[in-house]
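First chain A sits with chain B, and in the next complex the same chain sits with chain C.
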Partner chain A sequence: MKLPASLRVTLTACMVLGLVVLYVPLILIVLNSFNSSRTFGFPPPGLTLDWWQKAASSSGALSALGTSVVAGLCAMVIALVLGTMAAFAVQRFEFFGRSTISFLVVLPITLPGIVTGIALNATFVQVLGPFGVALGLATVIIGHATFCIVIVYNNVQARLRRMGTSLEEASADLGANGWQTFWRVTFPGVRGALVAGAVLAFALSFDEIVVTTFTAGPAIQTLPLWIFSNLFRPNQAPVVNVVAAVLAVVAVVPVWLAQRFSGDSTTSRV
Partner chain B sequence: MRPGARLALLLSVPLLWLVVMYLGSIAVMLVSAFWTVNDFTGAVEQTFTFDNIRRLVTEPLFATVALRTILVALGVTVIDAVFAIPMALFMSKVASPRLRLGLLVAVTTPLWASYLVKAYAWRTLVAPNGPIAFITGGNTPGYGLAATVITLAYLWLPYMIIPIYAGFDRVSDSLVEASFDLGASAWRTIRSVALPLVFPAIAAGSIFTFSLTLGDYIAVGIVGGKTQLLANVIYGQLVTANNQPFAAALSLIPLAAIVLYLFAMRRTGALEKV
Partner chain C sequence: MARVAERTTDAVPQISLRGLRKTFGTVTAVDGVDLDVEDGEFFAMLGPSGSGKTTVLRMIAGFETPTSGSVILDGADATGLPPYRRDVNTVFQDYALFPHMTVAKNIEYGLLVDKAPKAERVRRVGEALEMVRLGGFGDRQPTQLSGGQRQRVALARALVKRPKVLLLDEPLGALDLKLREQMQLELKAIQRDVGITFVFVTHDQDEALTLCDRLAVFNNGRIEQLGAAQEVYEFPASAFVADFVGSSNFIGAHAAREVLGMSGSFAVRPEKVAIVPRGDTVVAGVPRVDGVVRDVVYAGAVTRIVVDGPAGLTFSSTVLNTAGELDVSIRRGAEVTLWWPAAALRRISD
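Moving on, here comes the complex of A and B:
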């Protein structure tokens, strides 16, 4: 569209500045992982690959990674089932209180993380504790699943809305029963959204730390918890730097996968 | 199966989870704010008392921290809006469709880079021997309130860009062109035509920047030095002081703040898009 040249230049400058601000810290993290000095200083005195080797054999980081993967996969499956069910209910049925469902689904990420964390902690420890519930991996998964539902829900709901109902109606008119229509028409249509939602739900769980702190208990250490507990230990710093660099770089994976499978570009968390 | 039964089946499990599990937990938190802790054993006693609320209101420390936290949340929101508006405007009205898609990916990708890593990056950036000090010759905000605001604004910036971009995308080009044709300056067009139309989108983004700031105790722990925000104090009460009921009572402050904020934002129409 036609805009005055001065405005175009200003906006372009703002965009470039914004991208620089967004990416410089990430680049710095990657650079820092090759820093040959144990203590941080800028510019780094030299570059080395030693820390990468050390990180690859850091048992603490690797076991935390394992915990995070298990928690992320379980939370993802729960969120996938619940989010898809809610999305179908809202998009394919008319009923009283439909907008309330959307509000309920989005609430866990709208409320401050500390509120969700304290609320779940109070329930697990004070109410369910006497019944034998203890903070552990299961409670982490329950907490993560709760705020991951919205991502699956948003993706599937957007896709269902775009698809409309005419294909499903055509399938029914041609004599297919409910299951046939679902498996042959509806499911292939939403498959991409399901994959995108699942990937993003996993990524959200993988990164979460606030709610995790309050639901994990002492024996469970996810990768973010491991990083946080090692962040201020000087002799662990080089390994933390490498883990941080890896995490900064793998951020492109969920975005790339979600873009590829969804096409709705709903890669935002909101 | 009848449609009614199918709908009931589809809704039952998600509703059970969100209402019983989640809203139920919030209710437990609300109730536990009125419980107390035994001074000798440290065990939570489930007897009703207003002591926590009284302490919350009478000890000035909590009012100070609450006020500081809300000001930080508002400051972060304003900084993010100032950065996000021109970026979103560029993406929707200046960039070609191809570039636009690339930029959309470019501004969302940092969201998925680990939160801790980004906060940690700012710890190194503002460090006394870090890059900012290196470039400016020793002028760095250091660890404290300023670094906390900068880091939080950095962390949540994409949450603000994306809804505003979507908002500008819905503003018809012809409205903007008409404004220029009628002789308005660029600034006037942005202020009087574009911004009012995207205000609900800004409000939608601000819900996230505001709420995420209220609930954060990690970033302030990493770059904040001795700065205390509400979430740190709550964390300290639960973990260090082992006083779950008082932590729950303190959590009422961010809960009330976000509920009030949501009510205020609902009037702008922002909630329809969240």
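Moving on, here comes the complex of A and C:
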């Protein structure tokens, strides 16, 4: 499509402005992690690797990172199993209340995190508390799983819908029973969606803070919680910058993976 | 007006459908179908979209369960059997080739899930590729093939299992005209070679007449007429069949009485209607009507002449362009006489 020059210039300017707004603050974070000024004066009076050294030996940050990774992986696995099963049920079977189920599964992603947080907190503390349930890592994982399921569910059911049923019918027609069809035809078809859903679910869990606040026990500190509680401590602020810089760089990987996998399998569809 | 075809042999039919019905919610897709398809037959199910022909095919394959009635395959009741327990294979309309497998893996699939030995699988895949003239294409991905090639892979994949019956759902629908005509000849040749029963669904009456030995014309979930291709074309049982299979000039009961002095409704094929300038001599004792030419449509091999006749009738006459040019006096507004052999007039039910 050919655009008039004036429009092209305007659109380019808009795009540059948008990217600047998105990425300059991120670059600032990375820059500040090398800033020799403890108060992040700008422009930096000098560059230093001190904060990176400190961060590498900060036991609080490292253990929070570990907690976040464990919580993210567990929530991801729960989401993969339940989200995939729900997607299959809705896309491949006829049953009473199917569209209602679909709606109920997707709802948690639109609910404000604070509502989910309060609701889960009330359930864990007031209802399940007397039965010996205490806030801890497990409750964080359950809280994260509520919205991670949606991500996997949406990815898988969109893929199943696009695949249609004719490949599975062809497989059955050629003599494959239900399991053979699933492993040889359906699963390879949704594999990309599963990987993309898993990566996004992990990323979502990894940076979650609101639901986490309400579901984490006092001994549990995920990385976002750690950042939040250390950001305003002058001693820790430079280390927070380093952690944030690392996260910004690391976040590129899952997004790239997710895009690669969802893009890859669309083009190979016949 | 469903009819069960006369048995031609004493052998058990490959496919027997008895009182087959299928409803989806409040919609009745198939409404009482009885049908026998014999061993080695090339059978067509012809009908407009929504006439139930594809649903019948899907019930034979096992993708749909009949609401009532039964599907008997090779003498055994298969009504409740899943698709993978039926000795029937299908060529799908969209081919349904597995996108993550090569051409050879696609064809091998049915043998693999049957746990055929490796050497046999390789040999039969090779034979199947040769049969559809795709030798050397085994390592390609389905996306790298043209529509006609994909079609042949789908055919090879279904035939490699040597089923007793091959079902084809609008197999040539996605191909362009030239390729379709070529594939029709190939399909016919392959069917003669393998000698198994082919049942194919189509909405294209030309294709049905070209390919099949017998056909069933579907309308509103029922079989409107069943018979050999020539029989159905020459002796359409109803106005629907007369119009859907080929085209027809209809003479309703009222006009028939007025113009022909006969009672009943009639149809006559356009290619059987001869056209001469008014006043020319016409064979004595044949039905004739006078009319005025409304349109002359040149269509290459034939010319179609539309004539306004008496009693509000419209006739169409198809003339083969053998002489190169049509009689110049037959042009718009010309007064003409139409006539046809008495035997060309078919009495039809409404």
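We take it that the second predicted complex is superposed on the first by the 257 of 270 C-alpha atoms of A that agree within 3 Å, B and C clash if a C-alpha of one lies under 4 Å from a C-alpha of the other, contacts with A are read in each partner's own complex, and residues count from 1 in each chain.
The rule is short, and it goes like this: contacts are C-beta pairs under 8 Å (C-beta built on N, C-alpha and C of every residue); 3 or more make two chains touch, one makes a residue touch a chain.
Only a predicted model underlies this, so the values are computations on that prediction, with no experimental measurement involved.
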**Message:** Touch test for A:L247: chain B only (first), chain C only (second), both, or neither?
**Reply:** first
**Request:** Answer with first, second, both or neither: which of chain B and chain C does A:L167 touch in the superposed model?
**Result:** second
**Message:** After the superposition on A, what does A:Q126 contact: first (chain B), second (chain C), both or neither?
**Reply:** first
**Request:** Could you say whether A:L82 touches chain B, chain C, both of them, or neither, answering first, second, both or neither?
**Result:** first
**Request:** Identify the partner contact of A:S63: answer first if only chain B is touched, second if only chain C is, both if each is, neither if none is.
**Result:** neither
**Message:** For A:P224 in the superposed arrangement: first (chain B), second (chain C), both or neither?
**Reply:** first
**Prompt:** First (chain B), second (chain C), both or neither: which does A:P188 touch?
**Reply:** second
**Item:** Partner touching more residues of chain A, whether chain B or chain C
**Value:** B
**Message:** Just checking: does A:T12 make contact with chain B only, chain C only, both, or neither of them? Give me first, second, both or neither.
**Reply:** first
**Message:** Does any part of chain A touch chain B in one structure and chain C in the other, and if so which residues?
**Reply:** 268-270
**Asked** Taking the complex as given, what residues does chain C use to touch chain A?
**Response** 61-63, 82-84, 88-90, 92, 94-100, 109-110, 113-114, 141-143, 150, 157-158, 161
**Request:** Within their complex, state which residues of chain A touch chain C.
**Result:** 166-167, 169-177, 180, 184-185, 188-189, 268-270
**Request:** Sort out for me which residues of chain B touch chain A in the complex.
**Result:** 1, 3, 6-7, 10-11, 13-15, 17-19, 21-26, 28-29, 32, 35, 44, 46, 83, 86-87, 89-91, 93-95, 101, 103-118, 120-122, 124-125, 127, 129-131, 133-134, 154, 157-159, 161-163, 173, 176-177, 180, 186, 204-205, 207-208, 211-212, 214-218, 222, 230-231, 234-235, 238, 244, 247-248, 251, 254-255, 258, 262, 271, 274
**Prompt:** Which residues of chain A touch chain B in the complex?
**Reply:** 1-4, 6-8, 10-12, 14-15, 18-19, 21-26, 28-29, 32, 40-43, 81-83, 85-86, 88-89, 93, 95, 101, 103-108, 110-116, 118-123, 125-127, 142, 145-146, 149, 178, 203, 207, 209-210, 213-214, 224, 227-228, 231, 240, 244, 247-248, 251-252, 254-255, 259, 265, 267-270
